[in-house]
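Note that the chains are named A, B, C and D in the order they appear, and that numbering of residues resets to 1 at the start of each chain.
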Amino acid sequence: MTKRIAILTGGGDCPGLNAVIRGVVKAAVIGRGWEVIGIEDGFDGFLHPEKCRVLGLDDVRGILPRGGTILGTTNRGNPFCFPIMREGKVELVDVSDEVISRIERLGLSALVVVGGDGSLKIALELMRRGVPIVGVPKTIDNDLLETDVTFGYNTALETATEALDKLHSTAESHHRVMVLEVMGRYAGWIALESGIAGGADVILIPEIPYDIDKVRAAIVERGRRGRRFSVIVAAEGAFPRGGDRVVQEPAGGKSVVERLGGVGEQLSRELGGVLEMDIRVTVLGHLQRGGSPSTFDRCLGSRFGVKAVELIEIGAFGQMACLKGRHITSVPIEDAVRSLNLIDPAGEMVRHAEALGIMLGR
Amino acid sequence: MTKRIAILTGGGDCPGLNAVIRGVVKAAVIGRGWEVIGIEDGFDGFLHPEKCRVLGLDDVRGILPRGGTILGTTNRGNPFCFPIMREGKVELVDVSDEVISRIERLGLSALVVVGGDGSLKIALELMRRGVPIVGVPKTIDNDLLETDVTFGYNTALETATEALDKLHSTAESHHRVMVLEVMGRYAGWIALESGIAGGADVILIPEIPYDIDKVRAAIVERGRRGRRFSVIVAAEGAFPRGGDRVVQEPAGGKSVVERLGGVGEQLSRELGGVLEMDIRVTVLGHLQRGGSPSTFDRCLGSRFGVKAVELIEIGAFGQMACLKGRHITSVPIEDAVRSLNLIDPAGEMVRHAEALGIMLGR
Amino acid sequence: MTKRIAILTGGGDCPGLNAVIRGVVKAAVIGRGWEVIGIEDGFDGFLHPEKCRVLGLDDVRGILPRGGTILGTTNRGNPFCFPIMREGKVELVDVSDEVISRIERLGLSALVVVGGDGSLKIALELMRRGVPIVGVPKTIDNDLLETDVTFGYNTALETATEALDKLHSTAESHHRVMVLEVMGRYAGWIALESGIAGGADVILIPEIPYDIDKVRAAIVERGRRGRRFSVIVAAEGAFPRGGDRVVQEPAGGKSVVERLGGVGEQLSRELGGVLEMDIRVTVLGHLQRGGSPSTFDRCLGSRFGVKAVELIEIGAFGQMACLKGRHITSVPIEDAVRSLNLIDPAGEMVRHAEALGIMLGR
Amino acid sequence: MTKRIAILTGGGDCPGLNAVIRGVVKAAVIGRGWEVIGIEDGFDGFLHPEKCRVLGLDDVRGILPRGGTILGTTNRGNPFCFPIMREGKVELVDVSDEVISRIERLGLSALVVVGGDGSLKIALELMRRGVPIVGVPKTIDNDLLETDVTFGYNTALETATEALDKLHSTAESHHRVMVLEVMGRYAGWIALESGIAGGADVILIPEIPYDIDKVRAAIVERGRRGRRFSVIVAAEGAFPRGGDRVVQEPAGGKSVVERLGGVGEQLSRELGGVLEMDIRVTVLGHLQRGGSPSTFDRCLGSRFGVKAVELIEIGAFGQMACLKGRHITSVPIEDAVRSLNLIDPAGEMVRHAEALGIMLGR
């Protein structure tokens, strides 16, 4: 039986989103003859009829190697807590009735939500209100549970490692301490894995509050062994032992990071007074979200797209596509968002990093 | 207790070998105070005292981003079947006694063998003769069992996908059929995964003998839908239904591929007569083995190196480091080499490719 | 006064063609309010009304980083010598009247021809028939006179050098001779410049017939100095001293290269018998024409596009945009195609290569 | 006659420095049998005997693809104005006698100074004191006169353009204004050329003080035409019309940039109040100095190295190697440093950018 399904992308952009969109459209249209509606700018698109448009094969042609999302996305589209201007002020309003009503009027058999922690939690709430949803996990930071990894992370790692390769030559030529600040507000995966791959000397992650005296001592000790430079990778959420921890606000809100200029600048101040070497900070920022997705991410995104259609076909609503070992399978969305996937400070990957001689701030 | 261990790399070179070597040296020297001997040119190095030299921290400095192996490697170093020139002719001789005697004289507590199917089988034979060995899996082709994936494959995929991206623009500008021949004598993983990521129209793999009439029909059908070009990825081991299959000779020997110019040329001949479009073949060849390893491969290689040292520490000889989901663990070497890891023609990945509209030769 | 102009791209595809097209459209439409007609598939497009379509700003959006040409191209579109099927056979017919008549009916004030030696010679003939033309030089091989360099060459060089970097690690790990065959039928610029940049040991170019004995001796001598591998770059048009030279047929025809498998294979045979090392050949082929253009090529292509519009504005027909030092200027098309830009065997660049210790086959 | 020459690299690091060093060593040692002394950390190395060491062929092996400089460099090594700690305070002292005396004791026939404006001015002063010097131009910013371009700039451009490609997808997906701050304190070449290549909408350079109202209007106008995002490239030295200009201090000193957080942050504040779109700033910083040099830079650097040796051979002291069109030639060092190579606001390249529809802040 033919169906009409919809797809939206929510939260920050991420390399591989277009692969998912293309995968959903190809699997739905070619093999099954379904119709796919693309919802623009996340859940926000349901509030604007002109943002709900048919996605055909021609629309997804050539998008596989392109970063970003052809559907647009936004970090501000929570329908249960939607920002609306009233009398010059922003009010947060529940517009979920309107969203659900639009979904009914569109005659959707299912909605594919491609998003991270935030978007998937919204999806769960809409499901409780009767919307048939399947999820596709999306996170640059790799902080989602119940999938070995998701698309975008691999590309972000390449960007971070390439930056480390570049900073290495400057560090070495100038006998400097180079600090690279990478993404990772709560989970330090990008810092840890790019740091291992990029030959970092120090890696600082939110899961292990750092002892600045020990960081400094490690750099000084390197100097004693004739290594006149050091490379530090710090996740943006890294913080000193006893220092202010990043606080997470309620869903949809923003995190409070009350540091002047980020962890990179903080490290520069903390180390600057006591080391004789120059310290330079690079904040990688949005570069990590952009660019043509890597092979891994294109392939994983495409397969997640196909899987989402397969889940809809068998009526497995509430499930999220995921990768386990060599297999694409699925898990309940609610299992994936029950907490974040953090690095275990006593776990295997940290142990391996330390065995490689990397200093982890402790 | 301090130990002296050795490491060698066997078979074809592969991005990430240097990461493994560096990981073994760092984990052995920094944390444990062991001594590491590097054996040059695979097992062959045991026959030449000058090819067994101490590897210190200075020797592995800066090698993480470099392709290849600082130890050298060879495809011709089977000590049970070793090529020796006698009276102008090559004879295959069993030199394993000499190898084992060298290992004893070096006072090795353990030997780390980094290699694929061939080298690991040699390792098993040496183990039966009493040599304490741990294995690290190495294969560009991803054809080893018992590990989700191994280092080198990810980098090779990037090279193949980048080539596909390049060929796409020529195919489209000139309305041509572009054929890319990639590695994969028995297993078509590189072709399948790079083909999905690179937006190939046809993917031919050894696991699915192709029907040339159906391949041609698929290209003609694309033309009817207004797509005046096609991109085909073919694993080097792909062959037509009813055609000659690649035959594997005994261990150490070479495979017999009795086709003139490889599968790419064969396809060009088979399609050339019947299609009106130009057909051009590119053989990617050794480019797939080279280059700076990707983040994934540098990280995996480094961790396999650490794991090898951990396995030696607990006396887990006969084990091979492997990746399962998010974890580095180990399996018996003999389990890994009992057969090749081939693509299941009825499996999930092939199904996903076909759902994406890709033609798989059948 | 508003004008209607047309643009076509001829010959082999080349990174940067889209930048030129976009440059012409932007400069013509935004600043001048002209209309631009895109002619598809080179001069061939004039024979098919449906291949002559208006190019607006929306058509050139997002094409800057893309390889190839959105207009399509062909190597077989000489209107003075056009292949037409008659009674099952290909006849070469003069269809120039039809082309000129179409140009008149389209009411074109000018035609921008983006092409190499072949397309620009056709342009000259059309000019003699009264068609107002400005040229934009296009050649992967850098073999056009009267411009320091043109777009596409820089990107091709990057592809060739990256390949050399990859082959280096395999050469070194396996103690092999790796041969890379690159483009350059008459001019060896790609081989020479990528060889210098990629640290090649031997570079063979069409301008210097090689002495195979001296090539072999150079490799043997390297071995004596402890370098157990060599990397050779050979232009496809390189040939042995006293051997068959590549012969150029009349305009529009194909060159006769009567060697089995190209210069790479020939070198492999010539060296294989006498060296003890393995020799492996990689033919880079079409990969050199593809891919996202480099910054240099995007910028140069864009500026050539603007320049072409400026030339039309002042009525400087018969001129070709070119780069001289830091300046974009123009020269008569006929000066640019009077002969090929070859490497001077006694010139500065060859001298520099030899000073770097590179063997040039003599 | 055999000679002993020395080479040093001064100022900020730059991709291609190692190519120059290798070129000098190869040309001096292989063809001429000279001896080369590498001076570490710029002119500073002359004050420390252990920093003056022989550079042989083995020392330059494998360095061609590597960023940075194996000799080390520093921004603080002016011997006429050298920072020395005395009684807890930094004093600037003239140590040129010591440097000259070391040069005499080393028995140097010539010194190759690879550097930018600052290092070459020091070289001129030393020449006046009798030191035989040849120069090799080095500047990431392309702000040196008398050479079409120098090594490092091309690689920096690639890094900036790649960043723009990445930011484009985020800008488009999120409907944002993305600002990229690139190098260029006095000269806006990197901003202008990468902006053209990366399809920027607005480019701000030091040579054209920007009118923030017009910048804002251009972005708003784009929105009216349906383009819901904009990409701005700003050279670090760009400043608003009537705003504070960056002031250059005497040679060896630092420039005074008294803006909080750079031009990117300033633009964010200036635009933030009046646009409804999100604005995000990325500061590319040191990433532009790092990484493997591009083909162009490796080749140019290598040839400059050879040229320096040729200049020494003929006794052309006081000359600097340079590129003019297709030729490597030389000019007097004093001509190259008489002023900076700035962009002409009424020149060809600015005109081309504006013809492409790019807004230049005016």
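Side notes on the structure shown:
One rule holds in what follows: a residue touches a chain if its C-beta (ideal position, glycine included) is under 8 Å from a C-beta of that chain, and two chains touch if they have at least 3 such contacts.
Computed from a predicted structure; not experimentally measured.
Under the touch definition stated at the top, chain A and chain D share no contacting partner at all. Computed from the mean C-alpha positions, the centre of chain A lies at a distance of 31 Å from the centre of chain B. One finds 42 Å separating the Cα centroids of chain B and chain D.
Of all residues in chain D, those touching 2 or more other chains are 165, 292, listed in ascending order. Taken pairwise by the contact criterion, the protein chains form one closed cycle in which every chain touches exactly two others.
For chain A in complex with chain D, the touching residues are 12-13, 15, 17, 41, 66-69, 72-75, 159, 162-163, 165-170, 172-175, 178, 280, 282-283, 285-287, 289-292.
Contacts from chain B toward chain A in the complex involve residues 22-23, 26-27, 30-31, 62, 64-65, 148-149, 154, 157-158, 160-161, 165, 193-194, 196-199, 292, 294-296, 298-299, 302-303, 306-307, 309-310, 324-328, 348-349, 352, 354-357.
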